[in-house]
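Okay, so chain A shows up in both of these, paired with chain B first and chain C after.
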Partner chain A sequence: MSTQERLHETCRRLLEEGTVQVVIGYAHTAPGEPAFPVFISDPADVGQLVWNRCCLANLTKYLLRQEIRALGKPAIFVKGCDERALVVLQRESQIDPAQMLSIGVACRGEESPRHAACAACDVRRPRFCDIMIDEVPDDPPPVAASSAAARYADLEIFLTKTPAERVAYWTEELSRCVKCYACRQACPLCYCQRCIADKNRPTSIDTSATLKGNFAWHITRAFHLAGRCVGCDQCTRACPAGIDLRLLNLSLARAAELQFAYRAGIDRQADPPIGTCSERDQESFIQ
Partner chain B sequence: MSEPDAAGFEPKIIAYVCNWCTYLGADLAGTNRLQYPANVRIVRLPCTGRIDFNLVVKAFEIGADAVLISGCHPGDCHYTAGNYHARRRWMLFRELLDTLGIELDRVHFHWISAAEGRKFQQVMTEITEKTRQMGPYRAYREICQS
Partner chain C sequence: MSEIISAAELRQLVGAWLVQGRRVIGPARIKPERVLFVPLRDAGQLLLDDCQRPANSAKEAVFPRHEKLYEFRFQGKQVEILDAPPPAAPQVVIGARPCDAAALPILDRVFNWDCRDAHYNRRRDLTTLVTLACRQHDRHCFCTSLGSGPGDPCGSDAMLYGLDDGNYEVRTLTEKGSALFTGHTHASDKVGLAGPGPQPVLDPHAVGAFLKTHFEDPRWARWSARCLGCGACACTCPTCHCFDMVDEGGAAGGAKVRNWDACQHALFTLHASGHNPRGTQWQRQRQRVYHKFHIYPQKFSAILCTGCGNCTRNCPVQLGLLPVLNAIQGGGRIAPGEAVR
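Now for the complex of A and B:
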């Protein structure tokens, strides 16, 4: 039985038995196009579900949406990176694992072009899922991908630029931002009901899509995910201007890993660096 | 905003300080008649744990040449752990600023207690002199004016 058939059978059973009321999964679009999210409530519709290398979206975003919650108890498809988001959401009390079912699918990463985040991924196989489909990825992660050096290689290269060159780079990149907030909407961990960017009494972040507002926004977006970002890279994929937000996320992920030995969504028991504190933190910049 | 020429450059420094230690340190400097440069604009906040990173960005947006963040020494926080939380946040935030190319030399962190009026005076003088030598922070100002 193929992975696809097992997936259909499992979802049909879950819906028929009433274990869940809705399956959040992927549906086929045109060949090579990213699969779009689909919400299946009728067992007769499970044939729409697909699993292939075009299934890029992080569906965990939908778990917190009111209109999706109204559909009842969900079963959700998660790849390794999506599962990391689930771990963080659970840690932040945003989801109750008893009120949902996770269906893990081993992932081989985005195919062509090879996505940078997928190339350095070391969680291709979800670890904590209720149900696993496609147990063995036929394309195991390259050995190099499991090292911190591989994860942050692109950032290290970027940091060889001087600060002036970095400012110039970001000025160029962020000048293209149109403040559509697709990065925020796509992020599974940007779940505030009222985003600070939408608050105007007082205005923290300049609302216009000028460099001033764009810098303020992207600093805020990145830092609100400090020690939380799971590196699924949905923000960069969603950006219509093609801004590589991954570099900002990586800088904070690297800082969290090097300074606090913490990687978001990897260890379910570990304390996140922000929101907890320690007397033993070591730094050299406070005089 | 008119830009003073290099010879007449007076640094603008914004100091975000905690109510319980550094602000009282500043107060002590004042009551002891310890002179410190008038370039420093003090903003008093309840705790270093309350100092949002956005305030640092905001300071540069409105034309600060340097920012100081200061509060109680480790172990002295009025709210027990506010400064420990703040320290972690800055440990991460500095990395983000660095990646963006924002000059870390312009963001200063100090622990100054309520008894350290003299330290307050020294820190303010040092930061002002250092910023005077570095010159105005044009890079972020240009970003905000374009």
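Now for the complex of A and C:
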């Protein structure tokens, strides 16, 4: 039985038995075209579900959406990176694992050159899912990114630039930002009820898409995701201006790993560096 | 007879415009997979290959994402208001697509409707639009469904038609267009042709008729369930023109600025009371379709869409207008992936 057939059979069973009320998965209009999120409630519709290398979206974003929650208990498709988001969402008390079912799909990485994150990914097989489909990848991952050096290689190359060159790079990149907030809306961990960028009494971050407003927004967002970003790279993928936000996120992920030996969404038991109080904290201001 | 310009001469001409102090905006490849309209630094940046539609639109030349309207200064109890200087630099948009150019007459109606917008009109007067006819299209293009097409001269000051030898036939349409090219082209018997464009896939009048009676249709929630609520569609749309006005500055003074806004953002219609008349994402999606195919047509007798496809091309979840319009036309199916309800 093919992966797709197993996937259909599993979802049909889950819906027919009433284990879940909706399957959050992927569908496409034609083979080879990017798959899009789909919400299947009727067992007769499970044939629409697909799993292939064009399933780019991180569906965990929908778990917190009021309209999707209203559809009932969900089963959700997760790749390895998506599963990391589930772990963080659970740690941050945003989801209750008892009220959902995760269906893991082993990912071979996306082929598009836009997804540098996939080349440095070391979680291609979800580890904690309730159900695993597609247990063994047909082909081994092209790059085994098991070391921190491999994970942060792109950042290390960037950091060989002088500070002036780095400022010039970000000035050029962020000058293209039009403040569409696709980065925020696509991010599974940007779930604030009211984002600081939307606060206007008083305004914290200029709403203007000027260099000042754009630096303020992207730096604030990166810091807010420090030690939380799971590296799914949805922000970079969603950006219509082609800004490589991954570099910003990698910088803070590296800080969390080097300073706190912590990687978001990897270890379900590990205490996140932000939001955890420890007597062993070295900073004097906190003692 | 036709007038042609070689690719090398065209690039030289663009370089000359820059030297003359004109602002020149054109497509440039800013990332391996991303082509955007950007203010060109040099003519070498210009990408006059029509195989890829820029991911943004040329509207920014006349309707910038951020614009200072006036400044204010506090001096004791006095407030001094200073008009922002009007835009002054002449500019050329080169390599706009017909779907970008056709958007400008549409924007003109809005910015000259109940008041004449001084900054918009000044920029419009200063702008010359040189459009590159499309020889190719992708699966998101649907200009031919909306009465436009790959060689549509609507809104352009001059048209460039690619020739098989890599050069261009130039057809000037206005005095502004002629002023740019006169003396720079050669007489020829070669004639450039636009590509066939996409097969028409929908009837905008049928969509308009549907909208008249289906505001409360329960399927809107299904059709737009996957919308993430970002503004990538509106920000890259050639015709979307909604803006927000805010005061920015400090205790000494500041400025009233106009910034792009997007109807897909939750804050767009949020009232000070806390009430939001479009409280859910599907209501915001429905609004975007209504504005383009019902509200604007009622007011201005034209459709607020040129079929460029950027809304779907840039959508992180492959939504945008076309899948919804197809769903309306197809009797309820959004795509072979979304169940009929």
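Quick notes
Going forward, the second predicted complex is superposed on the first by the 267 of 287 C-alpha atoms of A that agree within 3 Å, B and C clash if a C-alpha of one lies under 4 Å from a C-alpha of the other, contacts with A are read in each partner's own complex, and residues count from 1 in each chain.
The rule we apply is simple: a contact is a pair of C-beta atoms (placed from the backbone, for glycine too) under 8 Å apart; a residue touches a chain by one contact, two chains touch by 3 or more.
As the structure is a prediction and not an experimental result, all values here were calculated from the model.
Steric overlap between chain B and chain C is absent once the structures are superposed on chain A; the two fit side by side. Once chain A of one complex is fitted onto chain A of the other, the partner contacts of A:I274 are limited to chain B, with no touch recorded for chain C.
When the two structures are aligned on the shared chain, A:L248 is found in touch with chain B, with no touch to chain C. When the two structures are aligned on the shared chain, A:T210 is found in touch with chain B and with chain C. Of the two partner chains placed around the shared chain by superposition, chain B is the only one that A:Q259 touches, whereas chain C remains out of contact.
By the document's definition of touching, of the two partners only chain B reaches A:P163; chain C does not. With chain A used for the fit, chain A forms the apex of an angle whose arms reach the C-alpha centres of chain B and chain C; rounded to a multiple of 10, it measures 90°. Looking at the shared chain after the overlay, A:Y191 reaches neither chain B nor chain C. When the shared chain is aligned, no partner comes close enough to touch A:F128: not chain B, not chain C.
With both structures placed on the common chain, the touch criterion links A:A238 to chain C but leaves chain B unconnected.
Minimum C-alpha separation, chain B to chain C, in the superposed model: 8 Å. Residues 206, 210 of chain A contact both chain B in one complex and chain C in the other. Interface residues of chain B facing chain A in the complex, by the touch rule stated above, are 52-54, 57-58, 61, 74-75, 81, 84-85, 87-96, 98-104, 108-111, 123, 139, 143-146.
Of all residues in chain C, only 30-34, 36, 38, 55-56, 65-66, 139, 221, 225-226, 228-232, 234-236, 244, 246, 248, 257, 259-260, 262, 265-267, 280-282, 314, 316-319, 335-339 touch chain A in the complex they form. On the chain A side of its complex with chain B, the touching residues are 155, 158-159, 161-171, 175, 196, 204-206, 210-212, 215-216, 219-220, 222-223, 226-227, 247-248, 251-252, 254-256, 259-260, 273-279, 281, 283, 285-287.
Within the complex formed with chain C, the residues of chain A that make contact are 27-29, 33-42, 45, 48, 50, 57, 61-62, 65-68, 112-114, 176, 178-182, 184-186, 198, 200, 203, 206-210, 213, 234, 237-238, 240-242, 244.
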